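You will see two complexes here that share subunit A, one where it goes with subunit B and one where it goes with subunit C.
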Partner chain A sequence: MRKNLQEPFWQALIVLAISYVLLKWGIPYIPPLIGVSSAPVPQSVLVQFMLTVAVGVLVWVSDNEERWRRFKQPIREALVLPERKRVRVALLVLLPLLVGFVTYDTVRPRVDAPAGIRAVHPAPPTQIDFRGEPVRIEGAENPLREEGRIEEARERGFDIYYQSCMPCHGDYLDGQGHFAHGYSPAPLTLRGGSTIAQLTESYVFWRIAKGGPGLPREGNPWNSAMPAWEDFLTEEDIWAVTLFLYEQAGISPRTWEEH
Partner chain B sequence: MNVKDLLLERKGWIVALLAVGGMLLLAFPLVAQYSVPEYGDDFPLIGSRAAVWIAAQVHLMFAAFVLGVPMFAVIAEAVSIFGKQDRYDRLAKEFTRLLLVAYSATALWGGLLLFLLTTLYPTLWSYLAEIFGASMWVYAGLFFIESATLYTYYYTWERWKRGRAKLFHWGLGILLNVWGTTVMFIANSWLTYMTSPPADVTPDTAPGMVQFWSAFANATWMPINIHRLIANAVFGGAIVAAYAAYRFLKAKTPEERAHYDWMGYVGNLIAIGVFLVLPFAGYWLGREIYEYNQQMGITMMGGFMSWLWIVQAFLIGVLFLAANYYLWIGLGRIPGGERFAPYTKYMLVVLVLGFIVWATPHSMIATRDELAAMGGTHHPFLGVLGLMSAKNTAVNLMILTTFLSFLMYRRANKIPTVSWARTGTISQGTILAVASIVVLFYGVYGYFVPTIVRIGFSVYQVLIVLFTIVAVLVIDVLIARGADTRGPIRWGQMPERSQYALFVIVVTFTWLMGLMGFARSGIRQHWHIWEVMRDTSPHAATPALGYAAQVISVCVILFLLMIAFVFWIGGLIEKPQLVPQETEDTDAAELGPGYEPSLQPATGD
Partner chain C sequence: MRVHTAMTTLALAAVFVAWPAGAQDGDLARGQEVYDRWCASCHGFDGAGEGPAAAYMLPRPRDFTGGLYQIRTTTGGELPTDDDILHVIDEGMPGTTMPGWQDQLSRADRRALVAYLKSFYPGFETFGAPEPVSIGRAGRASEDRLAEGRMFYDSIECWQCHGGLGRGDGSSGPTLEDDWGYPIRAADLTQNWRFSGGGSVEDIYRRILTGMDGTPMPAHADLIDAGFMDEEQLWSVAHYVRSLSPERVPRVREVVRVERREPGEVPSTVHDERWEDVDSFYIPLVAQIIIEPRWFDPSVNTVWVQGIHDGEELALRLSWSDRTRSPDPEWSDFQARVIDVMEPKEGDPVEPGPLPDGITLQFPTNIPDGTERPYFLMGDSRNPVYLWQWRSDQEGVEAATAQGMREIQPLSGRTIDVDAHWEDGLWQVVLRAPFTAEDPRNEVEFEVGRPIPIAFYAWDGDHGEEGTRGSIGSWYFIHLEEETPAAVYVAPLVAGLFTVGLGLFVIARAQRRERLSSEANGHEEVSTTTTA
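Here is the complex of A and B:
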């Protein structure tokens, strides 16, 4: 056993097995032990990670002539030596069965919707039509912030948020509102550095104003249940709630590039 | 040789061709599932857009080849003149010979593109011609001059081989590069105008009223120029390496193997060495696009095109792994290389982790259950790896790791004799360690500052990496002065699998060119010219990524098949001569003082 552990072939298999265990179960279960939230890794990403590890392992076993020879040795022995006939027969039966099973499992009819590809952020239009009036999105700043009405806007945004947005996006702005579990995909968290922190306020204004129905045609289907809030709120209301989101989440909106 | 013998000799090829043909035949029912729209003036079967797309892409690949290889040739010729190493001269000539055929292919595909544009998209062409007409005439004129320079350059190679004539000949090589680069700059202005026309040009602006220079030197023109210039050098080096790999695998004598092993090394060195700075040029281009129009920027990086960046990360990860793999295997043919072998596994861990971080999508492909478990498309733990802070950090560490592999390769057979060798080596290690810490620091700190500040951090990361590469290399060159050797590099004693790494590199580069070219062009979406001229054809919709990947793959296969033909024709024109070389021909920087002349190729043809 100990001798086998020093052989590249078995070392490679062990590295692959440990990597799989870490990626499959380590990522979802270890971070919560130290208070960091996590979740299982989607199958598509798991396959991608394992493929990368497998390529790395292949590079390692073959970047040195001696190691490559030793790596191939058990494979060659299993395929050639008369005393390994049982192993050979077992491999000849098990490997095609495994390939067959994976193929079957991949193509068998399912009732689930297929895994969807989704863009990070849809590209915003240069200008939108807000209740018949043009509103420039490209290069626009939040007028309430510019006019120095931040406190007033924050309070107004607070009211609007708790009347209209909280049921889905949650009291803590973490996408965990009362209705959140009824949606797939779930409502967006507005906290952290990876969502609205990456966007300008005019982008967020556009998303609130036009909601799911106003998402661009490219990249469909978006599967968004977000209403088009221009039907219920005024332009100033939406700017106010936009400002509130950033203030409440404690993050700064993205600013425009200097020309 | 009768037909039967010929068939028997080529039976491997015939079986391979039949197998490929058979597979294509089997794939036809799959192709038939796609509905192919037919329109009045549409190009048959594949449609107007795909026709123009394929012609433009293959033309571009050939153009990159005919611009990249002269750079390679003129540098090799300079080494032969100023370093007095004739084998570089032969290398330069061998590649200029391939250019003769490749130029025709470039022109043919360019002509095809022109005809397709004028017949399928006449309105767009008329518009562009009205603005850029004068530059189009200059472009055609330069092509004449460039061709004449190429033919003179190649056919005077033997005649102007010594003394001042050789310098003049080298001057022709430089001129060839100047014409080629100018031609590229001109064509770049037309296509960048389509992406970033000047802000004062509107749909109502008559093309005749557009100021020529503001249209020519538009916002993305210079970033594209620089990006393509660097990429062409990379591509030229990669093609040279692939050609050498092909010849290496076909070689029948140790001399041939030694020559093509060396050639593959030089090609790969240029390709990967220049490639290390390419991401910085690409970053500049991306930033210019963002500055010009954020909508286009978001489409490219966060919107519809964002998945291409995951594919790109995957392919560049493959490039890094293949390049390091080639260097690590190469250590086996250098006496003293075994000293570094134990460290490669740690470097591999950095590369694999970097690869994983770089290719982790921000928004993941997930089933309904997986989405529910994650609470959306952002993974609560891995989501942080989807941001540019993580990705920039990963790629910079991968660049430093690859550079370290190159350093090990350089150092393998040398025994430094300078008194400060140990101090120098410690300094190199310190600089590399500090650079890695700085890169990591900005990567982590980026999560705690506003986005616009974080973007600026990537500049610091780039600068420290560039500084490290230059500083460490300078120290290494100084340490190597007058160094003793542990023995000559055993050129040709390279396992055959190493050569496939060179093929992987060139195929990946070619694919990347197509994919990222699509990203650059596709961000215009339904506009021929951004917010100036709409695409009103039935193909105005942005193609799906799967379809785009298929079209690009077809382009890559077409190009590689034709380039294989160029290699074959190039081999027919002139067979390489491999005879022992003069003994003063040494190159401490790359070959080590133990370089073995008897294994080296001929000095002339």
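Here is the complex of A and C:
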């Protein structure tokens, strides 16, 4: 066994096997152990990575004449030596079965849901119609913040958030509310750098006021369960809850650039 | 000298850190900060369970001022240990609105919260919590134990509240209320992933043994003390209760496979045995809290879907837990109480009264080519939907088209066969219809091999649900299995045979080359290689 480990052929096989295990299971499962989120590597990317590893291995084994000869040795032996006949027969049965299985797996009919593409932050309108009143979005700041009514807005937003938004967006604003599992696409987290941290308060106002039904076409209309809150809340309520989101998540809104 | 000063400082610091009173005060201040920010919205700033969001929830958030805790390792009626409180903060209470905080708050913050929660009830100071009850070991769930568990389930009358088959449909159901007078439902024992104290055999054992204070669930330790049953037999009950739920928490699969059968083999009744080996798909439903009037306490939280087709017709069997066959006059008072306590009261008020159970299936009128689907709440003006509406107080199924929750038009089209049956807290409904539409402008044409969007809504009349007040889910798909094309079997065979051929060729070539090279090198060497 130890002797085999010094053979380039077996070394190459082991490197390939370890790479496969790491790519296939290591990437999705190891980072969560230290609290970093991860996801499985898509099949096509996995194949590309494995090809890269294989090329690397080939370059290494053929790098000098002696190693290349030793690398080929076990292959040659398996192909020609009479006492390796069993290995030959086994390979002749197993490899075609494997190829057959992979082929079957590729051509069999699948039941997959059509992949949905989601425009994460569609471009906002310059102005919206809020129950018949125009509200400017582009360049607008939160009037409650501008008037310094932050504490009042925070308290009002607290009540509104936990009554109406929490069931989906969660107690911790992490998108894990107790009704979140019923919706696809899932309600968004409001934490981290990818959602409200990238947006201005007036953009968030627009999304809350108009919800899923008010998404422009590139936002994949109608697949979002977000209600149009103008049906339930006043303009000031929505500004208050917008301010509250940033306060509670501990992030600051983006501001409009001065022109 | 310097080292010496440092040592003294360290020693002093150690004394301060170890000083219990100092640590306690720090905990409380930090605990209050965390509580006010993350807990007060439901449990209230004063801990009385009446935060601004409390009235949107049933069961209501716990009132901490009375020292009553449901999930404990201590005897019924006693206070919980610090670890018990921490456990609920960490794991939350599944099936209720209480989330787990383990990954959200630091351990120190959660510990500080425990200290602060205890400060709402002076009894923690005066009495303190007793030692946890030791519970022994679960052992294995054999057939005999399950049978024994079932026997005791009957004799200690679990069925009074939880029902004969555990779906929470017991005869005491309509009278149940918690210690604060709010209506409460006995747990549906077929959904252990929604047990508020956890779904393992050990969790179940503890809940039966020590009860759930503040709810009608009593402690059963007295039955052991009185010699009516022993601990092993109580473990058998726990094993039996555990066996009522699936082995694993069901997984959501977006595509419901409708299995292909021979022509004429599509069942039309609920109890047809052909359903028995058909895969069942779990569809979670949640509250309709999107359009007015909203409803925050959905009764139906899961529908299981099975499907069979034969290329001409398809049948779907829908199964869901529902405690009552609405309208059931026994439950009219319970219904009135639920309607009374649930906020918000918006739109047309619901009047307590006999309401049916119902389920609606929604399809887009045309199967979409891209990813755009109609609005999942009964469509919209641009994208209408096609509905099958079943109600427990009507014969048959009413087909309809809709362009929004309030724009529903009845439709006469294809014939839909229906069979519905309620027993022991379980509704089962079979809907069978031909693929071909009678009215192709308004009805979907079913096709094999294509994902067809489908959505489910459900109502429990005795829970006060009708119209927009009910359970909803977003779009799923049904996939009617195709006949497997011959290529699926031919291609792997060809590929396999080709590999065999290639292998034989490579071996033959290698051996020929070996022979040639050994002939060139003289005969002796060949004999050494071949006999080595």
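Just so it is clear, the second predicted complex is superposed on the first by the 159 of 259 C-alpha atoms of A that agree within 3 Å, B and C clash if a C-alpha of one lies under 4 Å from a C-alpha of the other, contacts with A are read in each partner's own complex, and residues count from 1 in each chain.
Simple rule for what comes next: a contact is a pair of C-beta atoms (placed from the backbone, for glycine too) under 8 Å apart; a residue touches a chain by one contact, two chains touch by 3 or more.
This is a predicted model, so every value here is computed, not measured.
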Exercise. Figure out whether A:Arg88 sits in contact with subunit B (first) or subunit C (second), or with both, or with neither.
Key: second
Quiz item: A:Ala225 contacts which: subunit B (first), subunit C (second), both, neither?
Solution: second
Quiz item: Touch check for A:Val21: first (subunit B), second (subunit C), both, or neither?
Solution: neither
Quiz item: Should A:Asp112 be classified as contacting the first partner (subunit B), the second (subunit C), both, or neither?
Solution: both
Self-check item: subunit A residues touched by each partner, larger count belonging to subunit B or subunit C
Solution: B
Quiz item: Is A:Leu79 contacted by the first partner subunit B, the second partner subunit C, both or neither?
Solution: second
Exercise. Name the contact category of A:Phe158: first (subunit B only), second (subunit C only), both, or neither.
Key: second
Practice problem: Once the structures are superposed on A, label A:His178 by its partner contacts, choosing first (subunit B), second (subunit C), both or neither. | Solution: second
Quiz item: Is A:Phe101 in contact with subunit B, with subunit C, with both, or with neither (first, second, both, neither)?
Solution: second
Quiz item: Where on subunit A do subunit B and subunit C both make contact?
Solution: 112-117, 176, 181, 184
Quiz prompt | Residues of subunit C defined as touching subunit A within the complex | solution = 37-38, 41-42, 51-53, 56, 96-97, 99, 101, 104, 252, 254-255, 257, 284-287, 289-292, 296, 344, 346, 370-376, 380, 383, 449, 451, 472-475, 477, 479, 481-482, 484-485, 487-489, 491-493, 495-500, 503-504, 506-507, 510-511, 514, 529-530
Quiz item: Which residues of subunit A touch subunit B in the complex?
Solution: 27-28, 31, 36-45, 48-49, 52-53, 55-56, 59-60, 62-65, 68, 112-126, 137-139, 175-176, 180-181, 184-189, 192-195, 197-198, 200, 203, 216-219, 251-252, 254-257, 259
Self-check item: Complex interface listing, subunit B residues touching subunit A
Solution: 287, 290-291, 293-296, 298-299, 302-304, 306-307, 314, 317-318, 321, 324-325, 328-329, 332, 341, 344-345, 348-349, 351-352, 355-356, 359-384, 386-387, 447, 450-452, 495, 497, 525, 531, 541-542, 545
Quiz prompt | Complex contacts: residues of subunit A adjacent to subunit C | solution = 76, 79-82, 88, 91-92, 95-97, 99-101, 103-104, 107-109, 111-117, 158-159, 161-164, 166-168, 170-172, 174, 176-179, 181-184, 212-213, 220-223, 225, 227, 231-232, 248
